[in-house]
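Dropping the structure in here first, questions after.
In this document, chain identifiers A, B, C, D and E correspond to the written order of the chains, with residue numbering beginning at 1 in each.
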Amino acid sequence: MPVTDRVKQILSWYPSDNPGTLTNLYRLLSTGVLAGTGKLVILPVDQGFEHGPIRSFGPNAPSQDPEYHVQLAIDSGCNAYAAPLGQLEAVAGKFAGQMPLILKLNNSDTLAKVDQPCSAVTGSVEDALRLGCVAIGYTIYPGSGQRNQMYQDLRELTLQAKRNGLAVIVWSYPRGSNLSKAGETAVDVASYAAHIAAQLGAHIIKVKPPTAHIEHDESKKVYEKYPAKLGTLADRTRHVIENTFGGRRVVIFSGGETKTTEALLEEVQQMAKGGSFGSIMGRNAFQRPRAEALKLLADVMAAFKSVP
Amino acid sequence: MPVTDRVKQILSWYPSDNPGTLTNLYRLLSTGVLAGTGKLVILPVDQGFEHGPIRSFGPNAPSQDPEYHVQLAIDSGCNAYAAPLGQLEAVAGKFAGQMPLILKLNNSDTLAKVDQPCSAVTGSVEDALRLGCVAIGYTIYPGSGQRNQMYQDLRELTLQAKRNGLAVIVWSYPRGSNLSKAGETAVDVASYAAHIAAQLGAHIIKVKPPTAHIEHDESKKVYEKYPAKLGTLADRTRHVIENTFGGRRVVIFSGGETKTTEALLEEVQQMAKGGSFGSIMGRNAFQRPRAEALKLLADVMAAFKSVP
Amino acid sequence: MPVTDRVKQILSWYPSDNPGTLTNLYRLLSTGVLAGTGKLVILPVDQGFEHGPIRSFGPNAPSQDPEYHVQLAIDSGCNAYAAPLGQLEAVAGKFAGQMPLILKLNNSDTLAKVDQPCSAVTGSVEDALRLGCVAIGYTIYPGSGQRNQMYQDLRELTLQAKRNGLAVIVWSYPRGSNLSKAGETAVDVASYAAHIAAQLGAHIIKVKPPTAHIEHDESKKVYEKYPAKLGTLADRTRHVIENTFGGRRVVIFSGGETKTTEALLEEVQQMAKGGSFGSIMGRNAFQRPRAEALKLLADVMAAFKSVP
Amino acid sequence: MPVTDRVKQILSWYPSDNPGTLTNLYRLLSTGVLAGTGKLVILPVDQGFEHGPIRSFGPNAPSQDPEYHVQLAIDSGCNAYAAPLGQLEAVAGKFAGQMPLILKLNNSDTLAKVDQPCSAVTGSVEDALRLGCVAIGYTIYPGSGQRNQMYQDLRELTLQAKRNGLAVIVWSYPRGSNLSKAGETAVDVASYAAHIAAQLGAHIIKVKPPTAHIEHDESKKVYEKYPAKLGTLADRTRHVIENTFGGRRVVIFSGGETKTTEALLEEVQQMAKGGSFGSIMGRNAFQRPRAEALKLLADVMAAFKSVP
Amino acid sequence: MPVTDRVKQILSWYPSDNPGTLTNLYRLLSTGVLAGTGKLVILPVDQGFEHGPIRSFGPNAPSQDPEYHVQLAIDSGCNAYAAPLGQLEAVAGKFAGQMPLILKLNNSDTLAKVDQPCSAVTGSVEDALRLGCVAIGYTIYPGSGQRNQMYQDLRELTLQAKRNGLAVIVWSYPRGSNLSKAGETAVDVASYAAHIAAQLGAHIIKVKPPTAHIEHDESKKVYEKYPAKLGTLADRTRHVIENTFGGRRVVIFSGGETKTTEALLEEVQQMAKGGSFGSIMGRNAFQRPRAEALKLLADVMAAFKSVP
């Protein structure tokens, strides 16, 4: 499809990237129902690794098959499909080119208990290239004592990805002994987490929907002196995006744990209104029966399409 | 031998691998008594390293000789023979080509006590290539605090193996302070362990026979809401396989500790009925006198052959 | 512009560097209002990473945009602009060549609590080269138990930078359990910190303004026997510079936390009088409204220009 | 000298090695008094590093000179001389080709106390090649919590050595908090230790003389059910060798601490009778006056020669 | 200058080194007042890094300038000048070729407290080559729990240095929780420390003057049975040298902390009488006024010259 003004504008925010990476960002933004709008809905399926196959795929048995997911992403008109190494290898050769693929390069599981959260690096840029991916994905846990390890691994992978014309997507989940449970999604912490991902060179950043909680006293002091509009989820979405290079980075939000369709769509609409560049929709999509998932994804895409 | 439809089907589950790796998977599936059936019986002999030579070979003195094992694998019609570096080097040059070889790339011993289980990497992909192997083997202990180290070492080895046309076989044994003893073979944990191996890019996955124990509360909740058939070993075998990419990965099971022939064959029949792709049969084979071992392996292969 | 005698003299202090590095040092010293004077004012903006975007940019919303800062550096006539990877990537391609850029290669955040301070390496020399930078920047925390890690990472980066014709700027902040809070800026410790940076191969060194506090008994004994003039900030500035290769290295000072304009300028004048080669001015500049920031930077530059 | 049938047989146990490595094994087996017999006496001198020069060379002052040892090895008709880097460098160029040399690649000292024993890697395969060595030597401490580090370093060195046509000799000394003092030389542990070295790819394995102590309950159970002849040192020597690939690896034994000549020769005769492939004789040789050492080594070699 | 017999003899102790390294050893031995005598006086200036600039250079302000030291080494007729990276870079290009340079490749500071002493690696062999050095210098702390790290880093650097024709100088300072304070300079420990450096491949070894203290019981037992002459510093110097490859390695001694000129010269004369190959003279030289330093160095050199 011909490039739209909005896509051109978004590409202009990455003036230091080589044509290879810009090409793959263009592909991400020019695929599916939202093609050309500058919005993205990505289907990520790493829950089998992260939470185990029973919790992840038990509610919808056909989803045990890796082909189920990439087909769902294609049929629903997603912009891209993201998964760990094995799950992508199971489909990349057969579905070659039909859907932009994102190789998730690190993963954790819930069998081991670790003091300081840090995912294992489970794939490489060479894997992403040989599988025909448009981007790599990587999760950081700002707040963890293993922070340096994660940032440094990401730095190396990011350098390789950009050298080879891939885009970089960072999942940024604050977590660690220095943060309260509520603090993990606090609006100031979510803003900080998105900002760190941007500083580390991410093209696209994924965070959780920010709550009205404010974790740090230093943040409160700033908000007292320089008030910010934080009342609604739309406000907080806009706040996070502004704190991520003043809106010059693509920030998308997850749906989090499974919830009612109404609650989910209400949340998406708020975030769309707040300027969110899109959603990552995993369990909420593939744990529903396929027809319901297609309907939900269509509704989510419509919500983003309705916002200029 | 000419390729069978079943082997073609199995190879189709690995659409992203290069012809070199597919060729070696083909060799594994087209050797021995079970050639062409899509089933596998592998003779693994790393117990000398893992438990010491006295416990391993004491019961059957001729088995101290590395040639004993590869000859047993050949004579019984196994699909492949797996061993650590030294034991393969002792035979590879002499038996070149007579039997598909798998180099076991990491090993533990029982002389040292370690807090968080993690095998030492004791071989390399270059070793596997110079010894003419068809595959590398690697053991992970999901649940260990050393998880990241193991997954990351495996990732590097897997990348090299696939680049060089080798297949990858992962032994996945849940173990660690976060798991109860019963939990190590629980059906939910076994499913998770097999799934992780698949996500890490394994072509063939080896787990222990799953028990009816359910380790995690989250699993129980899913089973309550979405009941799964788990009553017999056959059921549980099928459950593990379904949770490993919906059956699109070759999952085989071990016999575990030495037991009576009847108990062993009963177990194998259950697993064959449940769709198991085969068995790994070590101590139960080589600790018996050779004639008995040949008989046992023949019976095991017959059990798999009798299931379509 | 034609090279001045002072710039020639300063370049002569680096007789072992290749022409590429000397060229980039020349560029740093020949840009902006202070071009040719041998003095430098650098705008560093890594506070979004180090303290979070809310504390950093909340007081002046337009500063959320990475373009704001490089434009401020250009318009105010700074010698260079320093920032972490993501923030430089956001502008390097668009502003190519308009302002000497410094890629800050390591960064910390305040979300995690770490026992022994050590920043994460977040960029590489290859990044600095592809972004057209004149120098790399790196922070060390002498006094930290992670000292060896930091010095060794810096050593590798410095070697690569010099091999490729880049200059090296080291931020040296004493910190760690072996130092009192007052000791972090003590005149003896500041001297030591600047000296270490010089020994590690830095071309330009940035420290905090030294206080009259003396941290170590061994220092006191030396001062008793060999008195040093340490009464004013100008005296202490000169002392630090003399202790950094007898004045043969470019040492610049930070303004530290936001303070009143008067206090800040008074401090700058004292340091200029003491022979400081310039200032690094971050929060004190970009947290003010743009007009005020331009005025402040002009006054700071004037202070340095007024000293021969 | 022309190859003997016994040497041919021994070389046939290493069917996977390249001609370079076989050539160096041949050189080891075809040098000195025992040339062609398949037996080996090696002079190892790393005690200066391991126990310090005073304890090691104090009893015989001329032995402080590195040339003393290589000359002793030549004059006594040893098969090879083994030493750490510096000590070999001191003689390799001058005595080039006169004696097969083994570079000991790791070493410990007794100045530091370490919790989990692990020698430092003090040389490289490149060093062994440039010094004209026939083999590398490496010490492992099975039973140490640092096991993985040692095995993995050895794996890398072994791969390089074999790629470059060198032989690999492993000293295997069980040690660590999980073993009793008596257990370090227990016959079951010694067997296990020798077996591990074989699995790691060693061509020649050196262990301590096994005692009648049995360390592990699991071993006792096996011996109860499958009795082994373990009464004399000759029996136990044979047992260790059988447990090391059924006798298809060259296993040699040390003399241990200095003792009376009678006791030492009695021990050697027992081990020769039990099928030992030879001895490593360090302190017992070089701490005696040269004439006595030559006599002792001649007697030891005679003992091995007298056994077919 | 034409080579002397003594220099020829010393070079013959390094029969395994390439001509590049022998050339640089020749340069070290053929420079300055002691050229051709086989004795060495080296000026090392790393105290700015190790103890800070105030303690080091405060007593003699002109010594803050890096040029001061290399000029002092030239004017006094030293054999070589040793310093860390930054300090050598400050002079190498300007004084190119006028004085053999030694790049000190690791350094510690006194700002941080570390449990197990281990210097940071602060330079590389590539740095030494680009700066035109004749040798690398490296400090080990035998006795430290970080021993393996230090020995292994040195091993890698030594291999690179010798491959590239550089000489290797090791400072060996016993230190660690397993040694008493007196033990750090005990004659048995000093001997052991010098021996370890020789084993690690050092061409030139620097230790502290040995005291009459004997640290280890095992040493005492040897001395009881095999008495050694240890009464005077000359005796102990000879003892250390004999324990370092029987005198086939160049061992030099430091002056230690600043002391009276008489005490210092007396010490030097004793060591010269004991066969010391020379002195490393840092603080005792550069903390004196220049004229006094030149006089002292002349006297030290005279002391070594007066011994055949």
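The rule we apply is simple: a contact is a pair of C-beta atoms (placed from the backbone, for glycine too) under 8 Å apart; a residue touches a chain by one contact, two chains touch by 3 or more.
Here the structure is a predicted model, which means the values were calculated and not measured.
Peer 1: Under the touch criterion given at the top, what is the topological distance in steps from chain C to chain E?
Peer 2: 1
Peer 1: If you check the contacts of chain C and chain D, which chains show up for both?
Peer 2: Neighbours common to chain C and chain D are E.
Peer 1: Per the centroid of Cα atoms for each chain, what is the distance between chain B and chain D, given in Å?
Peer 2: The computed centroid separation for chain B versus chain D comes out at 36 Å.
Peer 1: How many angstrom lie between the centres of chain B and chain E, each centre taken as the mean Cα position?
Peer 2: Centre-to-centre distance between chain B and chain E: 58 Å.
Peer 1: When you check chain C against every other chain, which residues touch at least two of them?
Peer 2: none
Peer 1: Indicate which of the five shapes (line, ring, star, complete, other) describes how the chains touch one another.
Peer 2: Contact pattern: a closed ring, each chain touching exactly two others.
Peer 1: What sequence of chains forms the ring when you start at chain A and head for chain C?
Peer 2: Here the ring, read from chain A toward chain C, comes out as A, C, E, D, B.
Peer 1: Can you check the complex and tell me which residues of chain B touch chain D?
Peer 2: Listed in rising order, the residues are 48-49, 51-55, 57-59, 61-62, 64-68, 84-94, 107, 109, 111-114, 118-124, 126-127, 130-131.
Peer 1: Please name which positions on chain E make contact with chain D in the complex.
Peer 2: Those residues of chain E that touch chain D are 13-17, 142-145, 147-148, 151-152, 155, 159, 163, 174, 176-179, 188-189, 191-193, 195-196, 198-202, 216, 218-219, 222-223, 225-226, 228, 242-248.
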